Amino acid sequence: MTDVSPIIELRDIRKKFGALTVLQDISFDIAEGEFFSLLGASGCGKTTLLRILAGIEQPTGGNLLIDGQPMAGVAANHRPTNMVFQSYAIFPHLNVEENIGYGLRNMRLTKDDARERVAEAIGLVKLDGLATRNAHQLSGGQRQRVALARALVCRPKVLLLDEPLSALDKKLREEMQLELRALQRMVGITFVFVTHDQEEALTLSDRIAVMADGRVLQIDSPRGLYERPASRRVAEFIGSMNLIPGHVAALTGNGARLDAGDLGMFGAEAVGSLRAGAAAYLALRPEKLTLAAGHAGSGPNRLNGEVREAAYLGDRVHYQVAVAGLDQPMAVSVSNAEGEGFSLGAPVCVSWPEAGGLILAQ
Amino acid sequence: MFRRPDALWIYAIIFVAFLYGPVLLLPVFALNDSNFATFPLAGFTLRNFQSMAANTSMIMALQNSLKIAIGVALLSTALAMPASLALTRFRLPGGGPIHGFMMLPLVMPSIVIAVALLVIILKILGIQLSLWTVAAGHVLICLPFCMSVLMSRLEGFDPNLEEASRDLGCTAWQTFWRLTFPLAAPGVVSSLLMAFIISFDEFVIAFFLTGTENTLPVYLFSQLRFPNRLPGVMALGTLILVGSTVLVLVAELIRKRGAPSANPGDI
Amino acid sequence: MVALPGIDRAEKVRDRDQIRRWLRGYGLLSPAFLVMVAMLALPIAALVLLSFWTQSGYELDRTLTSANYGTLVELKEEPTIWFGIPFYFAYPVPAILMLKSIVMSLMATTAVIALAYPMAYFLAFRVHRHKALWIILITIPFWTSYLLRVFSWKVVLGFNGAINSGLKALGIIDEPLEFLLYNPGAVVLTLAHSWVAFAILPIYVSLEKIDRSLLEAASDLGDSRWKRFVRITLPLSAPGTVAAALLVFIPTVGDYVTPTLVGGPGGTMIGNLIQDLFLKRNDAPLGAAVAVAMILLIGVLVALFLWAIGYARIRARRT
């Protein structure tokens, strides 16, 4: 994404509410045309950051540039951004058409142009035939579409979305995810999307910023975040991860060797800054592991244990394998295509290819 | 399911009877063909109502009261609207104490307000008492009620709505007229009606602050001394009660419609 | 991160934004606020000032003196006895009326709460359909003319009133009962009736706010209905009930209409004295002193009451 010019530049943005710091050291760029997500648990500051982009909140410090223009002192109504609110904020005294056309009244458009653009937007979000419906007669999904159309019709440079799908039920949410992604490709506008749902972020985004405690932990593509999380927190937040503690025995090129005491020595690719002797983890995704019946002799990239729990999910089976010397049982996810399962208490050997693991700093 | 009559229901019915009973005697005796408010009833008559048309001093007082009440309703609502916006929308330093101060007339005995205004008008400023001074006093006591009604209306809707309007390019002024005012409209109407009723029915302040002209309650009070005018007083009282009740009903129905919570008593 | 030179300037812009926002807020507030200052704060200040002046004949003596307050508390040897209570004041009328007003107002307030609480409870817990209609039904009387509501009690209780003539017509009594009207009891009854509608709303609101699952939890933990009421409902509705009591007590102490219409000579209250001093006896400074003393006394009583029941604690619990 570095070859595209940034539409949003954040430089050391900070935000305090009284004594409470909700954002600090926020510095990154968002490229033009990107679908960018802010992902984090509730209270991590992601919505505050979105509201700072919209101009609804003012940062306590730092600089924000949108399309190359500094935004300090620029009110929400003068910014080239529009927002889809979590509550949708559909104006209750106006109908669908009037809601969507609300922002156009502030632009110098002829009546005909405005009407045409509203009609176009109604088509875009598939609300045909509902133009004169009153706000209170709309379903949740329809309200969400009105909110989307109302923002898009103003042709913002950046569309801000604050958990727009969280109020919808699971099935509708999955439908809307696909539609939202298609819509973004069609209009080509930069989307900044706030969510606490990692699956949603992975499905939709070009890039994701993972946030916690008012800071950005890592920014990467969905694949990059999943395959190469930069820290234990990111690894645990995105998907599930087995962590085997130890300390760095040696650094080897772009890899490292981890001394896990009685469990043995493990080699894997290293992420982040590691020093020899420092505490670290071997991180293993459950689906990178394979199970074999019976205990095997000691060797690289394998551990012996016994099946503690098995959860049958249809397409996959999730096992919890207790390994002597580990506090937590290991999670192993096996494709159901691979023959018979393992019974509880059965001795098994967990193994993985060396490229399947990562060495993470503490 | 059939609800068995329990103690609370019985209590509620007795309570409502107690609440309305004495007042409902006024129309009963006003329509009774007798000079005394006594049982048994003597017979039906409209005479007491018909004779009101010829009562010029009463009609003058009625006109005065209407003039004051309309002016007070408009002025106190116009003052209360921006103040309510300021207190609900801007997290102002000192907003809490200011709000408390503005609600003060709700708990002040009205005789204190009346004599305090009397003192400053007569002894300090040296202004003549008139209907204007009555209206000024009424604006003071109506303001907290108007603000309660408007603030609970303004607090009732999603703060995101105004943010959305700003985000869609409206200035603060445009947002007020395109969004806030239409949404607050039921509250505005109800504030106007309540201020009108309070001013129209108010006695103590009008009694202290009026000059040579009477308002309707002051006129009514002056008639209470004359036993032979009792039937006329009750006829007038009946009309006032009917008028106020209709206005309150309209105000409450407008306010309740679409309002998530309405609690004028919560200050 | 490299520090950017623009940051300081940007922060100043933001400070100015915040200040401009506040100024806009104060600007919106100021018309109503100035009206309140000009018509409430200044007149009260004037009232206090006047209470330190004196009236001599038709002239107002503007030298500051505490003579009026001296008159209110000046002592003498043998007491004036009122209901067995000795008042050692040279001019005992204000003190007696003050005590009497407070006692009558307290009685009325107690009656109001006792009448209003079950009704508010009924509205909050028993009414499921047409709730808004019930609430309007209860509120209407409060909004209709206070003067007429008080006057209607005169019609009910009068010598030739509804009760006396009704009982006579039914042959239960021969002579009208004279004790009905023109006494403190009639005043308390009328005050309670006039204010009860006003007290229901705050109590109702605090009952309505109680999370129903708290009551279910109490039952689940073994409380009977009555115990549950005492342990959960009553404490949680205390803030609204206290607010209702104050909203009734404070204005009724100084009420003027009710004692004038139904009180008779025995039922006069402090408000009558203030009116008398201002409008009839032409001693506005002394009247002002009585009014100021009344406000102070009410303030002290309310503060003591709130302190005694630990109101700050009760309110804090409400979250």
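A, B and C label the chains in the order they appear, each numbered from 1.
What we mean here is this: a contact is a pair of C-beta atoms (placed from the backbone, for glycine too) under 8 Å apart; a residue touches a chain by one contact, two chains touch by 3 or more.
All figures in this text were calculated on a predicted structure; none of them were measured in a lab.
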Look at all chain centres (mean of CA atoms) and spot the one farthest from the centre of subunit B.
-> A
Please state whether A-C or B-C has more C-beta contact pairs across its interface.
-> B-C
Separation of the C-alpha centres, subunit A versus subunit C, in whole Å, is 58
For subunit B paired with subunit C, centre-to-centre distance based on mean C-alpha positions, whole Å | 18
Note: subunit B residues in touch with at least two other chains are none
Parts of subunit A lying in touch with subunit B, wherever the complex brings them together | 54-56, 75-79, 81-83, 85-87, 89, 91-93, 102-103, 105-107, 150-151, 154
Of all residues in subunit B, which touch subunit C in the complex?
-> 8-9, 11-12, 15-16, 18-23, 25-26, 29, 36-40, 79-80, 82-83, 85-87, 89-90, 92-93, 95, 98, 101-102, 104-113, 115-120, 123-124, 136-137, 139-140, 143, 147, 172, 194, 197-198, 201, 203-204, 208, 217, 220-221, 224, 233-234, 237, 240-241, 244-245, 248-249, 252-253, 256, 263-267
Which positions of subunit B touch subunit A when the two form their complex?
-> 157-158, 160-161, 163-171, 174, 178-179, 182-183, 258
If you look only at subunit A, which of its residues touch subunit C in the complex?
-> 11-12, 25, 27, 58-63, 70, 72-73
Along subunit C, where are the residues that touch subunit A in the complex?
-> 1, 3-4, 6-7, 9-11, 13-14, 16-18
